[in-house]
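Each of the next two complexes has subunit A plus one more chain, namely subunit B in the first and subunit C in the second.
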Partner chain A sequence: MRPIALHGHERSITHIKYSRDGDLLFSSAKDSSPSVWYSINGERLGTYKGHGGAVWCIDVDWTTTKVITGSADNSLRLWDTETGTQLGKFDTRSAVRTCAFSYCGNRIMFSTDKQMGHACEIFFCDIRDSAQMGHNSSYLSIPVDGPKVTSAIWGPLDYYIIAGHENGTVCQWDSKSGQRLLNVEGHTKAVNDIQPYHDTTMFVTASKDTTAKLFDSDSLEHLKTYKTERPVNSASLSSLKHHVVLGGGQEAMDVTTTSTRIGKFDARFFHMVFEEEIGRVKGHFGPINSVTFHPDGKSYSSGGEDGYVRLHQFDPSYFEYEFEY
Partner chain B sequence: MANEITDENNQNLSEEETKEINGNEDGEEDESQFDDPEGFVDTISDKDLLGDVLAKRPSPEDGIDSLIVVDNVPVVGQDRLDKLKNVIKKVFSKFGKIVNEFYPEENGKTKGYIFIEYANEKDAAQAVKIANGYKLDKHHIFIVNPFSSFDCMLDLEEDWSPPEKEPYEDKGNLHSWLLDADCNDQYSVIHGGGEKVDIYLNTSTEPVLLKERPGWTETYVTWSPQGTYLATFHKQGIALWGGDEFSRIGKFGHQGVQMIDFSPCERYIVTFSPLPDTPSDPQSIIIWDVRTGAKKRAFQCGNVARWPVFKWSHKGEYFARIRDEAISIYEIPSFGLLDKKSIKVPSISDFAWSPGDNVISYWLPEIKDTPARVTIMAVPGREELRVKNLFNVATCKMYWQNKGDYLCVVVDRYTKSKKALHYNMEIFHLREKQIPVDTLELKEAVSAFAWEPQGDTFAIIHGESPKISASFYRCQKGGHTTLLKTFEKKQVNNIFWAPRGQFCVLAGLRGMNGTMEFYDLNEVALMNVGEHFTATDVEWDPSGRYVSTSVSWWAQKVDNGYNIWSFQGKLLQRHSINQFCQMLWRPRPQTLLSDDQVTKIKSEIKKYQKMFENKDRMSQKKASKELIEKRRSMMREFLEYRDRKKREFQEQEDQRHELRKGFEDLQEEVDDFEEESVEFFIKEEQSIVE
Partner chain C sequence: MPELTSETPDTGTSWADQVEQEDEPDHTVLPQPTEVIKNGIKTITEYKMNDDDKLVKVVRTYKLETLKVHKAIAKRKLWAKFGDSKTDKPGPNPATTMVAEDVFLVLTSNKEDLNQQDDDPFKKLQNQKTIVQCRICKGDHWTLKCPYKDTLEPLQQQLKEEENAANSSGEGGSKPTNLNQTGGKYVAPGRREGASGRGEMMSSRNRDETATIRVTNLSEDTRESDLQELFRPFGPISRIYLAKDKITNQSKGFAFINFVRREDAAQAIKCVSGLGYDHLILNVEWARPSNT
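Entry: the complex of A and B
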């Protein structure tokens, strides 16, 4: 089916995220107005106004009542999903790169960039405690020396978070003690995105080293590799089929010098188990920065450097197609 | 004789010296006393006293190095001695000033050898180097040696024994690669930005890695024309590799070598390095004997910008180049000029050997009122087989069919107003009496031309983008050429014929997105269209079964790798390799079968076809079976892992409930959906209501 192109953002999309039910799609962009859309028809519900810089990350809790956004204006903000009112703000010393709600929805984690003389830090807050959000005090902060955190998610049962670093390593950080539990050299270049499987027992990483990899959450055991020719900015796992979708393309800084064909801005589908490519979807005319399956696995969305979010419904042939084995 | 002179000088000098030394004897009349006092001991040695004078003191050996002996000089009587002297002077005075010459005589006739003395050793050495082997005429080839080499002769040991024969070095079977049971072909791959060289064996399924050597070459590799050797480039020179294990067969030291060219028979190799040339010591182009490693001859490069500088005749008996408005043809094995003179062709533009005969073709442009001319000439006889004058010529390009049956000259011509160009193809039918020439006129510029190997057909690409067309023509007996078909609106710029003809790939390389069109010329039809985006190179395998297309890192920094297609245009293999540079098929020598045998096999092809088809099917079945098997085991393994994880997940159910305070788990379905109506914009239609 023809995709729905959401043209509400004025600048590049940085992150997109479905609500738990999949009825809403949240998007953040470099234009400081994170938005929420109906995923069924692409209608925009509204925006969360307040940030004064590019918004790098967005997440929604499992009840779809609260949204957090992290921005380059050195703040993390908590919003009411429905009304768009700002419930809280946490000022940081540098840009907020990643943010995520825990499974229970009461805690959040976010990380800041190594920037302007400040080290990268991972913060943990309890959003029920107004003292924490109101006074920029987290119950736990982990200073990260060395390569900064470029992507992060919560692990199963909120015991730890899984973070991807700029040098390609993937780590588990304990959400109570702040200790580094496990550390694997998963990639050779920055890990741009991490997305969990629907039951969080596995996760997929997307890296600048042109590959995406599947890992076990508990052991960080490397399971599968999906190879492409361009940096991978985002990857997502289907809950319905054994499929992985990868988004990326030539780096934004090189795009102007080459044609769309060379850039390879297609969303690429791989078989989760056989690591073989099964299909491509064209559409974006810049690299895809964020791609994610709908929680039901029957559609997917991608947000690109070109400023569009594209909602794709799979055709019936997608569901009929079976890999021979 | 020179010895005599030096001896004389010596004597003179020594007399003077004695005089000086005994000076006091003459000075007896003087009043003053210079005698050493009684008991004086002379502690100052001569060396300290007049070291500078003594250093200049000549010795009998002085000048011996500036003396040369020339053998094989004609024996003449007194009457012609002056004439001979003149000739000798002419030849030898160009190396330096001749101080002395001596013609030994016997019975009023010269003895056939002479002595020449130069002013200094350098000139003498120069003369030895260059004049040695000078051909005065057929029977008199000078042998020039320094006089000092006589000493070597004198020092000869009494009991001379012939040098020991070097044991024969078995280099193994250099043709072993041809013994592959399935006649699979090999190819070389350079990747890692030139750091790594691999040799693969191409099979109908996956290539097999045969050899892997990091840093095998410093720039690139090339196969010899019949595939026996692989040449690698190094700072010090060229190395050749071959045999089962690709062991080193030979090396040719040529500092800074940049380009090489094999003779068609693989006997000789021409190397080029941008070293400075001097007339006496050319070192930029060297021709080597591949088997012995001997340096056969060196040439100056001159101001030639084109490689190969030398073009070899089809069997490697002659090689030729353009030099100073002439074609210089050299012959094997003497490496001397054929008939000792070049073929003078004023303002010659280009020449080419026929790939089938010892025939050369060349053309010269229009000068004033003389028309441009294409000439076909036989070598070594130099008789002109066919000459064709052409008018209003802008430029010409010559294309030989690979058996030498036809020569096509594509001529760009000015119209009368000289403002526009039109185009002609002049086709010479060499196998027919008097070589008839057939002319075809074209409205559009020809951007690519290629003959069908062993065939009568040729393909051209003509026209400007976006109206590029490809046309196929066939030559017929009686000097006629007919158009088979024109395919219009093509995005192609290169023609690649299968090595045995019939099939042909038209490719749009580099700027043209990498379109690959596969044609069958028996049917004159397009079989298939494929694409290898941004492809830079296309090459047929030597058997004509496969086509490789590649994107080289040398041309473009992304998406490097190569694809292998069947000759019908089916994409078989895709290899994307980081910093892949070059893929080259290993050539095969010409078939040993006679024409009759080839025809017989062709007529019985049905018999073989079945056999091969079966074999292919078997191997494919096996491959797909293996693949399925592999996938099954992968899936089994993965599902086992998932089962384990699912159990773990279920065990944690309570903990999850705890975290979300009793809300349903995300696995469970919620039933109380709210009805919501959503409007979709599907189609807009405008119709005028009457």
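Entry: the complex of A and C
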């Protein structure tokens, strides 16, 4: 397959996300302009201008009309997808690390870093209420006294959020009461990424402890483990086949001190059920920071420390392949 | 100098006109870019000046495809560009969107294949013959630590002296013939035995072509997956290149297969050459290096 390389960012990619229909791909990077691309031909639709620092996270609602971005300039911004105009801004006391739209598209969740003397906090907002976005008042905020939240998604039916923490624990936080519902020690090091299965009954976590794990959303029961030899920055589940794609590599700070072989930065495909590696794709010149399957499972994208986003359309042979067991 | 308008196709200008254009010292007005759509193929011809102030003609060919999509997606496709892309023309901007080199996803069920490719430099060193060689007994230890040092060395020296004496007495004044064998003289790495003559190049752009085979006389309907199926049994394959027509996407009848190991490639040549495939007889041989 011949990937399309998107070079709209000047610095390393932090997060990529497909819209629900998969026609648009949103990317955020350590430069201050998150971008949106047509996934079919790699054409850039636009950039969201306004942030003054690295953008750590980006999410889009199910109607693809609104986008939120969280940045290290201590703000979360709400944008109109079509025109790129800023609709709202929420100022925080430290950098915004994760952000996500609820399934209904009316509520948002975001978390801040433990930084500059401020504790990590999880915020919940209703974007329909202009008083909340305009006056930096969330309807619920949960102070997290402990390891900070490094990744988070909404759970099924918006009852709770699933958050991965810096020490490797995975928690459920109630989105109404702010209670911690469940807490499991899923990993031994920071959870870099969480992505749901297409029906949200399961989710996959990617951790610095060199593994990715599959959990049940409701009980946080550990189901499967995908082992590699280097930190995993991102993992995604296919909706079409029982495949998991893992992206990672040495940490950016270690790249110059270890072997320079490009092979360390492959995207690796695992069988979801049998936990066995089934293939690799080369391409990036640095660790992969974010990887995600297209909602239809027929293509996938990866964003790397090298500043490139690569769109891969699977060859026909991918669909013919059957795992032998 | 004829003005090109968007209606006239670029075939209208003869080469003589173009030469004339190049000769002109100040051609600030570049010919208008043309866009021709024919049989689902869009050809865009643009003119620009390069660094040497020469007129350059850029021809880009696109394949137009019509997809049926959901209404909402179609509507989004018509959105106006904004932000940094506001000034971009319709279609991908080559500054931000480019087509990368081919990559391969080979899905396998057995783990061994994947691990074999992960060649460890330390293992390679271990497999190599030992670097240290004793000058006295040719064993794999330093000359100083040779156990036969006391017994063999004086003997060898004696032999050498006798030989030299015989040489000089036999052919008076001629140079000693065993200059090569003494090994005392410095020989540049490039001229040493087993060297390819030229130094190794830093750039790894030219692939390792020692384990590449060329398959010719393939039928037009051959796909890469067919070749994969055909050559997979011989060993791990690192790359398959099937020459295809750009527009019709049909095979041009030949392909290159890069194996990871040369032995596998040799085996493949032995077995597949002369094999009847589709309705043709395959011809398989070693690929010649592309840069000679």
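Here is the rule we use: the second predicted complex is superposed on the first by the 320 of 325 C-alpha atoms of A that agree within 3 Å, B and C clash if a C-alpha of one lies under 4 Å from a C-alpha of the other, contacts with A are read in each partner's own complex, and residues count from 1 in each chain.
Convention: a residue touches a chain if its C-beta (ideal position, glycine included) is under 8 Å from a C-beta of that chain, and two chains touch if they have at least 3 such contacts.
All values reported here derive from a predicted model rather than from experimental measurement.
Asks: Report for A:D158: first if it touches subunit B alone, second if subunit C alone, otherwise both or neither.
Replies: After superposition on chain A, A:D158 lies in contact with subunit B alone.
Asks: Does subunit B (first) or subunit C (second) touch A:F314, or do both, or does neither?
Replies: second
Asks: In the superposed model, which partner reaches more residues of subunit A, subunit B or subunit C?
Replies: More residues of subunit A are touched by C.
Asks: Report for A:R128: first if it touches subunit B alone, second if subunit C alone, otherwise both or neither.
Replies: In the superposition, A:R128 touches no partner, neither subunit B nor subunit C.
Asks: Determine, under the contact definition given at the top, whether A:N41 touches first (subunit B), second (subunit C), both, or neither.
Replies: both
Asks: Between subunit B (first) and subunit C (second), which does A:V281 come into contact with in this model arrangement: first, second, both, or neither?
Replies: It touches subunit C, and subunit B stays clear.
Asks: Pick one for A:K176: touches subunit B only (first), subunit C only (second), both, or neither.
Replies: Neither subunit B nor subunit C is touched by A:K176.
Asks: I'd like to know which partner A:G84 touches here: subunit B for first, subunit C for second, both or neither.
Replies: second
Asks: Go through subunit A and flag every residue that touches subunit B in one model and subunit C in the other.
Replies: 38, 40-41, 323-325
Asks: In the complex of these two chains, what residues of subunit A are touching subunit B?
Replies: That would be residues 20, 38, 40-41, 62, 102-105, 156-158, 198-199, 201-202, 216, 218, 223, 229, 250, 261-262, 272-274, 323-325 of subunit A.
Asks: Which residues of subunit C touch subunit A once you look at their complex with the stated criterion?
Replies: Per the touch definition, subunit C meets subunit A at residues 67, 69-70, 72-73, 76-77, 79-86, 88, 91-93, 95-109, 111, 114, 117-118, 121, 223-225, 228.
Asks: Enumerate the contact residues on subunit A facing subunit C in the complex.
Replies: Residues 1-8, 21, 23-24, 33, 35, 37-38, 40-49, 64, 82-84, 259, 263, 269, 276-283, 310, 312, 314-318, 320-321, 323-325 of subunit A touch subunit C in their complex.
Asks: Can you list the residues on subunit B that touch subunit A in the complex?
Replies: 513, 533-534, 558-559, 576, 628, 631-632, 634-635, 638, 641, 645-646, 648-649, 652, 655-656, 659-661, 666-667, 678-680
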